[in-house]
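Which chain is which? They are A, B, C and D, in the order written, and residues in each are numbered from 1.
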C-alpha cells in the first residue's frame, strides 16, 4: 500500500479562529478514510484546502508523493484528485451526457483546440457512454442537470469525478439529503470506488461511515482527536466523550 | 432543416443588396450595410467573451480603436514615407495591416485580460472600463496621430487590386469576411475550447474541479474576443478612412454591449441582428426627428422590459 | 505649504462630491444588486430642478429642497416603474435599461429647459473667499460643500448604524434573503433606498451648480469617477464609499497639481510634462486598476458573497 | 427560423424606402451637433441659417432652398453616415453645419472626394487648411489656429509681461495654447492642461494664485468654460488677475450662465452683437424677434454668414450643379457679412478683422459684451501658403 494523500501539520486561521489546527492524516490507495466531526469542526475548510480552493497558513499537502501545497485546484486535479461538493455544483444548462462528456474531455486534454468539433470526438463519446452505462443516470442521459432529482445530481457529480480517473477522491457529504433507498444505492457505488482510488470521505451519516470506512479520523475544533479503525473509534472513550456524546447524536 | 434555407435566403438578399439599393435610389444603404456588418463582427466578438465566456467587459471599444489605429498609423507612415521610430516602414497592404491589427489587438487584450481577470463581477466590468479609458486618454493626447481630431486616410488600403474606395466593393469584401467570420465563430463555439468555455461560464468552480485552468482559458477567450473586435476596427478604418479616439470612448463599449444584449446574449447571430437593429433604428429616428435619442431610449427600454433574451428570443417565439 | 493645504482642501471638496454620488450607487448596488448607470441623470435632475426653482424664487436656499424632492421623486418613480422589474435580471439587462434611461432623461431635459446651460445663483453669503490661514484664501462656497458633505456622511453613518432602517440596509447588503425572511416589506425598503440614493445625487447635483455648469449630460462626466469610488471602496459599503471618495478626491487633485513638478525633478521638462499629463488624465482609472489588482473586492468588501 | 432572413431583408428594405425627391428647391444638407452638452452650438448655427432663409421668404439669393438637418451627436461615425445619406440618397451637393473638428475630419474628405461642396460654419481643422485644402471646401468661421492668435496679440498689446495658460488636454486645447503663445510677446509662467471634460479647476486656481501672472489665458469652451469662470470668481481672482480669452471660452451662452462673474474679462472675436453694420443690425433684429430668450452667439453669426455666402453663390450660379460658376461665386464672397469686411484667402479660409471685446455690467444689470477696438486687420491663418490648388 502507498499513500495517495499525506497531510502534515496543516494550519488555517480565520482571524482569531483556528479552523484547521495542525492536522496530520493520510489516505492509502484502495482505502476509504472517513473524516467525521460535529458541525463547525472544520471539515469543509480542510476539504477546501486539500482541493486547493483555500491556501493553508502552514503545513504541507502531498498528493501521490508530490508536494501540492501551493498548487492551484486544477493542477491537483490533473495529478489525480477528484472531488464532489457538499452542495452539488453542476453545469445546470448541460445534459447529463454533456456534463460527463465535458469531464471526460477535460481529462483527455485538447481543451484549447479551437477548430475541432467537441461533439464529434469519438473517444470522448465512447468513454462517456461507458461511464454512464449501467448507472441509474443512463436513462436520464438527455436530461438537463438542473432538472435532475437531488440524488441524481449527487450521482452525476460522482460520475463526473470518476471520469477524471482520480487516484484520490474527496467526497464531501455524499449522503447528505438522500432518501433511504438512494442512500443504500450510494453506499454500494462508494464501495465500488475502493478498487479504483483512495477515498477521503467526509460524512455525517454514521451508518454509511461504519459500513464503508477502513479508517476513521475524528475532527473537533480543527484538531484530529482520534484516528483508527471502525472498532477503535466506536470504542474510544475520548471520542465518545468529546464528540459522540450520546448515541442519539450519532445520526 | 429550415435554418439553412433561411440563411441561404438572407445571403442572397445580402448579395444583391447593392443592386437593390441602386434600383431603389438609395445607394447610401450600401455603406450603412457595410457598417452594420462590421459592427456585427465586433459585437459578436464581444459576445464571445460576454455571452459565451460570461466575462462582462465594458472596455472592448479599446480593441476596436486599436485595430483601427493600427491600420491608420501604418497608412500614415506609408503615405508620408516615414518609418515608425525610423525603423518599421508603414504599409497600405490590407493583407498585412488586417492581420497585424488582429495581432496587436490580441496583445492588448492579453495584457488587459491578464490583469482584469484577477477580479470578477462588477469589479471586472469596471476594471475593463478603466483600461479602455486609459487608452482613450492616451490616444486623445497623442498629437502625432491627430489626438482628439483623429487620423484621416486619403485612400483605403490596397487589396488584390480591388478598389475599396468603391462602396459596393468594400461592402462585398466586408460581406465575405463577415460570412467567413461567422462560420469560424460557429465552429469555435462548438469546438473543444468552446465547450470548456461554456462550462466555465456556467460554473467556474466545477470546471476548476474538473482540472481546467479556468483563468488561462478565460484569458484565451478574452484574447480571441479582443482580436475579433480589433479586426472589426481595422475594417472600420478602411470603410470610414478615418479613425479617432471616439472609437474607444466608453459609450462605444456600451454601444457594442447594447448590440449584444439587444440581439441576444450568447447566441451566434444575435449580435449581428442587434447591430442592424440599433443602427437602423438610429438612422431612421435621426432622419425623422432631432430628438431621436429620446425615441431610441424608449425603444431600448421597451425591448429590455418586455423581452428576455433579446431579438433572437422574440424571433424564436414567433416561429 | 499653503498651496499644499489648499490643494488638499480642493481634494476634500471633490471627494465629498464623489462620496455623495457614490453613496447612493453603492447602496443601490449593494442592496439590490442593480448597476444603475442612470444615477448621473438623477444628479442632473436635482441640479436642474433646484436651479430652476432658485431662479424662480430668487433664493439659492429655496432651490435646495426643490432639488432634493425632485431627485428623490424621480428616483422613486424610476425604481417603481423600471428598476423594480429588473432585480432578477442579469447585470446586462440592467445596464441596457439604465442606459436607455440616460438617453430619455437627457433628451427630456433638453425639451424642457433647452440646450443652453442655465444660470445658477450663488448664495450671497458664500460668494467670496475666506482667509483660513494667513495667506490662504479659500472660496466660502467650497467650504460650504465640504461641511455639507461631511454632515451628510455623519448623518448617513448614524442612519446606517443607529436606526432600524439602517439595520435593514446593512443586513440587505450582506444577505438579501435574510431581510426577506425577517418579514420586512422588501419592496418598500428598495424604493426607499433608491429614493435616498437619488436624493443624495440630487443634493450633489444642486450643490455643484454654482461651481460648475448645469447642462444636459452633466451627470455622465461624474458617473464614471463615482463608479470608480464605489468599486474601490467595496460595493455596498458606505464607509468604503466615504474613504474611497475622499482618498480619491485628494489623490486625484494632488496628482494633477504636483505630479508634473515632481517628475520635473527627475527628467527633462518635456518628458515630465507629457508623462505627468498622461498619468493625471488616467489618474483615477490607474488607481482603481492598482487597487483591484491588490484587493480584487475593493478596500472594504461587504459580506462574503 | 425563416424569420431570420426576413428580419435582415425587412430591416434593410426599410432604409431603402422613401428617397425624398427634390422638387425645384436646392437642397442643403446640414450635419450638426444638437444633442449633449454641446447641443446649443449646433442649434444656434441651424437656427441662424434657417433665419436667413426665412428672412428671404424661403429662398437664398432668390433660389428656393430646403434645409435638411440631422444631428451627429458629436460622433464622427454618425456624421459620416448622415453625409452618405444626404449625398447618395438625396442627391444633395451642398453640405454644411459641422461644429466639431473630429466630425469634420471624418465627413469633409468624403464629401470632397465625391466632388460635392462643403461650407463650414464653425470647424476649421488645420489638416484641411494647408496641404489638404480643396477647391470645394470653404470655411466661413475661422481656421482653428487663427482663432487663438488674436488673444496673444491682445495680451501683448495690453502690456502684460507674464501669462498663465490653461486648456483641456486634447488637440484643440493644445492648438489653442500654441496659437496664443505664437503671438504673445511676454513670458509664459505657467502652463496647465486639465483632463478633458473635467469641470473642477480648484487646483489650477491655487496654482494661478501662486504663480501671480499679469494675465491668464484659458481655452475652455462650453460647460468647462462656465465652470472655470465661476470658480475663478469664487477664488477671488476676478479683478485681481485679468483674463484675456478667445471667443469660444466665453460665448454669449456661457456669459448668460456665468453672469456677473465674468465682468471685466477681455475677449477677442471676429463678431459681436453690437457691430455697427446694416447686415448685422438686420440679423440681430430678426434673431431677437424669433428667439427673444436666447442669447446671440458667434456660432449663430457664423451660421447666418454661411447662409448669406451660399445665398450670394446661389444668386450667381443658380445651383451647386453648376459647379464651376458656384465655386467661383463662393470664392468671391460677395455678401454683406455681419462682421463687416470678409474675404477668402488662398486656402478658402477667411481673411478678416479681429476685435477686442470686454464684458461689462450692462444697463439692465445683466452682463453684456461690448466691442472695444479693432485688434487685427485682414488677418488670415498660417496655413494659407501651404495650400496648392
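What we mean here is this: a residue touches a chain if its C-beta (ideal position, glycine included) is under 8 Å from a C-beta of that chain, and two chains touch if they have at least 3 such contacts.
Please read these numbers as outputs of a predicted model, since none were measured by experiment.
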item	value
Centroid-based (C-alpha) most distant chain relative to chain A	D
Interface ranked first by C-beta contact pairs	B-D
Centre-of-Cα separation between chain D and chain C, whole angstrom	34
Separation of chain A from chain D, taking each centre as the mean of its C-alpha atoms, in whole Å	72
Between chain C and chain A, distance of the C-alpha-averaged centres to the nearest whole Å	48
In chain A, residues with contacts to at least two other chains	none
Residues within chain D bordering two or more other chains	34-35, 169, 195-196
Sites on chain C at which at least two other chains make contact	106-107, 110, 277, 281
Contact pairs between chains, per stated definition	A-B, B-C, B-D, C-D
List of chain A residues in touch with chain B within their complex	51, 53, 72-75, 77-78, 82-83, 85, 89-94, 102-103, 105-107, 110-119, 121, 160-161, 164
Contact footprint of chain C on chain D as seen in their complex	34-37, 39-40, 43, 169, 191, 193-200, 202-203, 206-207, 209-210, 222-224, 226-227, 230-231, 234-236, 253-254, 256-259, 294-295
Sites on chain C touched by chain D in the complex	3, 6-7, 10, 13-14, 106-107, 110, 114-120, 122, 127-129, 137, 139-142, 210-218, 221, 253-254, 256-257, 273, 277, 280-281, 283
Footprint of chain B on chain D - complex, ascending	1-9, 11-12, 14-17, 19, 34-35, 69-71, 73, 75-78, 80-82, 84-85, 87-89, 101-102, 105-106, 109-110, 113, 125, 127, 132, 169-172, 174, 195-196
Of chain B, residues touching chain A in the complex	187-188, 190-196, 198-199, 202-203, 205-214, 217, 220, 224
